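Mind looking over this structure? Questions follow.
A, B, C, D and E label the chains in the order they appear, each numbered from 1.
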Amino acid sequence: MNKELAKQIQEIAGVNPRKCMKCGKCTATCPAFDVMEYHPHQFVDMVEKGKVEELMNSKGIWTCLSCMACIERCPRSVEPARVIEAVRVAVARQQGMDHLKPEQIPALLDEELPQQAITSAFRKYRK
Amino acid sequence: MQRIGVFVCWCGSNIAATVDVHKVAETLAKEPGVVFSTNYQYMCSQAGQEMIQEAIHTHKLTGVVICSCSPRMHEGTFRKTCAAAGLNPYMVEIANIREQCSWIHKDMAEATEKAVILGRAAIAKVHLNAPLTAGTSPVTKRALVIGGGIAGIQTALDIADAGYEVDIVEKKPTIGGKMTQIDKTFPTLDCAACILTPKMVDAAQNEKIHIYSYSEVESVKGFVGNFHVTIRKKARFVDETKCTGCGDCTTKCPQKNVPNEFNLGMDNRRAIYIPFAQAVPKIATIDADYCTMLKTGKCGICSKVCAAGAIDYQQKDQLVEEEYGAIVVATGFDPISVEKFDEYAYSQSPDVVTSLEFERLMNAAGPTNGTLLRPSDKTHPHTLVFVQCVGSRCDGDGRGKSYCSKICCMYTAKHAMLCREKYPDTDVYVFYIDVRTPGKNFDEFYRRAVEEYGVHYIKGQVGKVVPENGKLKVQASDLLSNEQIHIDADMVILAAAIEPDKSARPLATMLTASMDTNDFFTEAHPKLRPVESPTAGIFLSGACQGPKDIPETVAQASAAAAKVLGLLAKDNLTCNPCVAQPDEMMCNGCSSCEKVCPYGAITYSDKEFRGPNRTTLIRRVASVNPAVCQGCGACTVACPSGAMDLKGFSNKQIMAEVDAICK
Amino acid sequence: MQEVMKKALELLQNGTVSRILGWKTGDFFYDLTPAVFESAEEVEKDFVFSPFCGANLSKYLIKESRKEGKIAVFLKPCDSYSFVQLLKEHRIIRDNVYVVGVACDGMCDIEKMKELGVKGVTAVREDGENLVCETLYGEKTVARKDALLERCVSCKSKKVVMFDEMLGENGEENPESHRFDKVAELEAMTPDERFAFWQNELSRCIRCNACRNVCPACSCEKCVFDNANSGIANKAAVTSFEEQNFHIIRAFHVASRCTDCGECSRVCPQHIPLHLLNRKFIKDINELYGEYQAGADMDTKPPLMNFTKDDCEPSIVHERGGDK
Amino acid sequence: MKKLSLSKLNELFSALSQKGELYIPADEKNGQAKFTLWQEGLSMTENLNTVRSAKDLFFPQVEQMVDFKVSGKEIEIVENRHTAEDFIIFGVRACDAKSFEILDRVFLSEPVDTFYKERRDHATVVTLACDKPEETCFCTAFGIDASNPAGDVSAWKVGEELYLRANTEKGEKLLSSLNLEDADESAVEETKAEIKKTLEKLPFGKLNLNGFDGEHLMEKFNRPEWAELSEACLGCGTCTFVCPTCQCYDVKDFDTGSGVQRYRCWDSCMYSDFTMMAHGTNRPTQKERFRQRFMHKLVYFPSNNDGIYGCVGCGRCLQKCPIHMNIVKVAKTLGEGEK
Amino acid sequence: MQVNGEYKPTIVAFCCNWCSYAGADLSGTNRLTYPDNVKIIRIPCSCRLNPMFILRAFQRGADGVILCGCHPGDCHYTTGNYYARRRMTLLFSMLDFLGIERERTRVEWVSAAEGAKFAATMNEFTAQVAKLGENKRLEDLRCKK
């Protein structure tokens, strides 16, 4: 339990996990469900309960595609993808090292790829 | 100089926990004019009220200040208390130290200081209060019910039963409302039509009830006891007095492709139509949007087949003016449009339906004559997925409603159960967030659906529905087993949230009745006056006030009727004595006040006055009809000379409050 | 000018009216006094119509129209707006008044001439576009246009809006009056500059009430500032607050009723540009609620006694102000 | 007699301001003059006179009298009267100088108005002869010589010089304390004569006031012309407030929220609520109010004050009346002279 | 008043009886806090607010004045707030014209159901006025303590 860190993550995410009513629509929507050990609604719940260290150590946070379907569908504006992204940022801040340099990213990036997906890719590949 | 008594209430710990009530009473005792000051645990209790009455006698009080909860709560109570002790009730002022002080402040010193200031303002006002006596105005003994659904019908029947005239205005060609479209009712599963249609007939046959069908309220003027309402009778191009409802025209009309709103557009009707067999009044109506005759002037078949000669293509909208003493709003609800929730593919597949559409698909009078068939290919569905909370309980996503629509859990249980009962070969899944079944026999009903009928209730939501190869691929979560589920369904039924009817908002403006942010009418008090609007003489019946099921609606409808009867039983109403009053000596006769008065309460007359040096002057001066004036005060500001003032909220009283607060 | 006196005589002599409201000659050319004339002799002796007839006669009709018999009044274009506004407010009994509209090409202001350095002036004659002044210290010439009253410099209308008879040709409204230029100039200043401007102006106020008492819109039976019961009565501005309070409330009370006749500024002994306050309200009303000219007609509702459902919100004051 | 180059006027003001607050007539932003506290850089007006008279400095429009402090049900009296320091008024015209005499008769006779006396005692008045009177001036009608004004010190502008003459002990003291050149009395004679010549030409200079006295009180009071004269009067207080001799005031209480401030402020007999009493007013129409003002100046005052009129002919009301009704028109209408 | 080095302004809130006063009550019922410097005066309708009252408040030491009424269209008296809206717009504009800080005055429509909006409005308005500090331009020194 790390309440302080959980609070920080909430601040980064800018969402209030307490608004979650555990409907599971995010998880129902998630295309990466099968490759995540924690699912979007669990992310929210764990951050709310302060179980952030487990979350930060999980592989699941890097398997999220940042497709933002859960943001789109969440009826309570909890927006799990933001929470996940915030956890990633928290991890990144702790490690502080980049494994992947921007110039290493080839020109094969799709122009229509959302900004957040690109950022998310940076985070993933520096693991 | 007034002799003022100050009474500081603890409200148990509601006030006393944050406000030092002793200190407030002590400090206010030192104010000029205060001859008695005390505090007590519950001023509104019997003992508290007796304490006030005793002080009025002992200290010969001429004014009373009560520091307590909001005047909206107990001003009336304390006025009565003081009146019983011989003090004019308008010599009482309330300092709101609960809602506007103890409940919002945490620091005791700050809250106490503020309570003292609020007390001082009330004292300053009481110093300038004058005894007021209320006048009376007569009550028109006739009620108007707006909306002819089950709520409106029940209210009208109850009022008529008590012997008063009542009119129903219904915008559709028939009364009956949403309940006419419902197949069975929960938790008893009796047929909706069987219990509703007799009531519709009762209403039609009751000589005290007049039904304005296919009509709308055009304008409302006046005030409690004396409403003046203009009703627009929309042209239906059929003479109501002649039409026998034989239905010949509706079978001969060549325009066959009009979407039938009664079946939610799932089948068609003719351009001239009677909504359904049991419609009341059973009179045909021509749909001007589709009628060839009205559009092109060529056809006229219905006119030819009508034996009664009731067809009148020249008919125009008609405005009817009526007087009422009370108005009941029973405008009901509508399911929201689910188009914003396209993850459920409502617009992509006809097999995704709303619950109300499903209701029609199960109904014997529905488009499939009661056989459940998939709309797309008219085949028997085997796997059905019900999705709960579509658009309900959404917060901040801009798509849905923040509230729980209340009825969906129960009707979905009903649908699932009926489905399994009629078609035991079906698999029925219900995806829910919570199952909410408070109500008599409600939870038992839901459990039966699970236990006896084998409906699969899954805690989780549907993420998306994709139509594929004639199936609906449903992707959902099962939170309890932490799994993502994929179901190939034949039909998906969406429990769409309900919202107030669109006509409610403009109506509220006409009635000056307040609404909440969701467009539900606000009640005068959420607990103690649930069927009255804060606007006097306006009553609320049914789902226009908030989501309700049928028994609740009927209960509230009868409650509203009871309140209306309480009003109509009076010959006269006591008026609010806080009305505008001009000082004739200062009035310029300029008509500024008259121009802004929303009630037409101000008139002018030429009056003789004594001028200087024994002369006589004739001056045009304003006078206010106290029975018509509602005391808004618009005139007091429009008046440049300050001749117009408002009793109970006079310029000097308000300025004294300002002074007390700012000092 | 002679024509006006002839009309007055004619109306008295043919019995159209029993009294004439006009301007009475003074000791000099400029000190004319509004007066009621009851006989042809009086008219012949003292009646005058000259470039110094600035005084707006309409307000006197409140009292005069209530007297026995009919009275004729000479109204310049701007006066006629005040007349209609007063009629609209039921302050004048129309049947007792015979209105003679007089065309006007601007009235002159002795105070302005003195500011131009014409001192000790005892007589004046019109010489084309000039005023030739005899003074204790010799002759001086002033261009007429430089001596015009402030309200005439930015004349809004040369049209007499209501009359029973018109002397001379009736003029037109003048949409190019530029009468809001000074208001706009003030609006463009910072709040600090505006505050300083008005502090300087209003601090000179001596509360003589000339502005109020001359104002046709200020025709209250009893003004709130004289009424001990109003809670805001006061006889002298003790603090700068009371200076501001008086002028804000007065301007507000006449807002949407003020015809911009300019009398307030004409009579202010301290030369406070009071008309700017009224013009500010007029400008705001025109911009926010559509063009409105008080006294232009009998029917249009004054904007402060009217509304539309989609009126702007009060926050527009902040929004329009920007970051200034 | 002393003299000073006008170019050194500023230095004189500077020296005077060392003795106490110095007030001089100076132009305000709108081009009209007002007695203003001198500060470096302030120069004298070119205008003949100020809009408001010099009486303001002795009898201000608003004067705090006493405070009452209220706490709960207790009331405490707090003295807050203005205590004057020595001050000097420079550039007072002959008419205003004469008005002080009239005010003195009112305020300094028993019971003495201590507020007024306090200021009067501390003031030294330096007058200035009028080199360019206006057409509205008629001081001569009241025997005032604008070429030889009264005051503690009289001054004349002659060419590029300013001549100063002490008339009183106070004046003597002031002049001797200044470092001024001596001069001869005769130096101003030519200027005086020139001024007198202009005064001769004043249109109302010889206003006939015969018959305005106690003897004819009822006759004047009952004259029918009052109705016509007052007809156009707006009932504003302009004439009263610019008048150097009007001395009426009202005593008012202001509730500050924590007490009461009692103050007095100028009142005007032209106002409908002037001397309003519980039963109403005894001057119900503007005619009576209007009559009061002029009867007071021209009849009541002289009949109670050795024939001294309550008017000094400064002409301010002639200039400022919004409808140009004034004491001259009244005197001409009701008097025995030319109409 | 200075409290802990910060200026604590006096705020007068005029609330119409039917919507905003009820809204204020609701924010109390929901325990939504706002500064204690806000004091509410109940008036029947926003159209009862005479500009004289606003000026009076400033004279007597208020630093900010806010008027709350029913939303336009929802007035209990049908049209009161429409008049109030025009009156306040013009009055505020005039105050601004005289160089008086426009941030000291505000109109906010608060319904009986908007307890949260009421509290938020009061918090925001108080902060806004506190930033301006003491009311100097419309003060009456006699009324200062």
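The rule we apply is simple: contacts are C-beta pairs under 8 Å (C-beta built on N, C-alpha and C of every residue); 3 or more make two chains touch, one makes a residue touch a chain.
Everything numeric here is computed off the predicted structure, so don't read it as measured data.
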{"item": "Touch-network distance, chain A to chain D, counted in steps", "value": "2"}
{"item": "Mutual neighbours - chains that touch chain A and chain B alike", "value": "none"}
{"item": "Of B-C and B-E, whichever chain pair has more C-beta contact pairs", "value": "B-E"}
{"item": "Most remote chain, CA-based centroid, reference being chain D", "value": "A"}
{"item": "Most centrally placed chain, judged by C-alpha centres", "value": "E"}
{"item": "CA centroid of chain C to CA centroid of chain E, Å", "value": "36"}
{"item": "Inter-centroid spacing, chain D versus chain B (mean Cα positions, whole Å)", "value": "72"}
{"item": "Distance between chain centroids, defined by C-alpha means - chain A, chain E (Å)", "value": "44"}
{"item": "Centroid spacing, where centroids are CA-atom means, of chain D and chain E in whole angstrom", "value": "47"}
{"item": "Of all residues in chain D, the ones touching two or more other chains", "value": "254, 257-258"}
{"item": "For chain E, residues that touch 2 or more chains besides their own", "value": "51-52, 56, 60-61, 73, 79, 83, 87, 142-143, 145"}
{"item": "Those chain pairs that satisfy the touch definition", "value": "A-B, B-C, B-D, B-E, C-D, C-E, D-E"}
{"item": "Chain B partner contacts - residues on chain A that touch it in the complex", "value": "19, 21-30, 33-34, 39, 41-42, 69, 72-77"}
{"item": "Chain B partner contacts - residues on chain C that touch it in the complex", "value": "66, 89-91, 217-224, 227, 229-232, 253-254, 257, 301-302, 304-306"}
{"item": "Chain D contact footprint on chain C (complex, rising order)", "value": "26-28, 30-36, 55, 60, 111, 115, 119-122, 135-137, 200-201, 204, 206-210, 212-214, 226, 228, 234-238, 263, 266-267, 269-272"}
{"item": "Residues on chain D engaged by chain E in the complex (per definition of touch)", "value": "254, 256-258, 261"}
{"item": "List of chain B residues in touch with chain D within their complex", "value": "30-32, 612-613, 659-660, 662-663"}
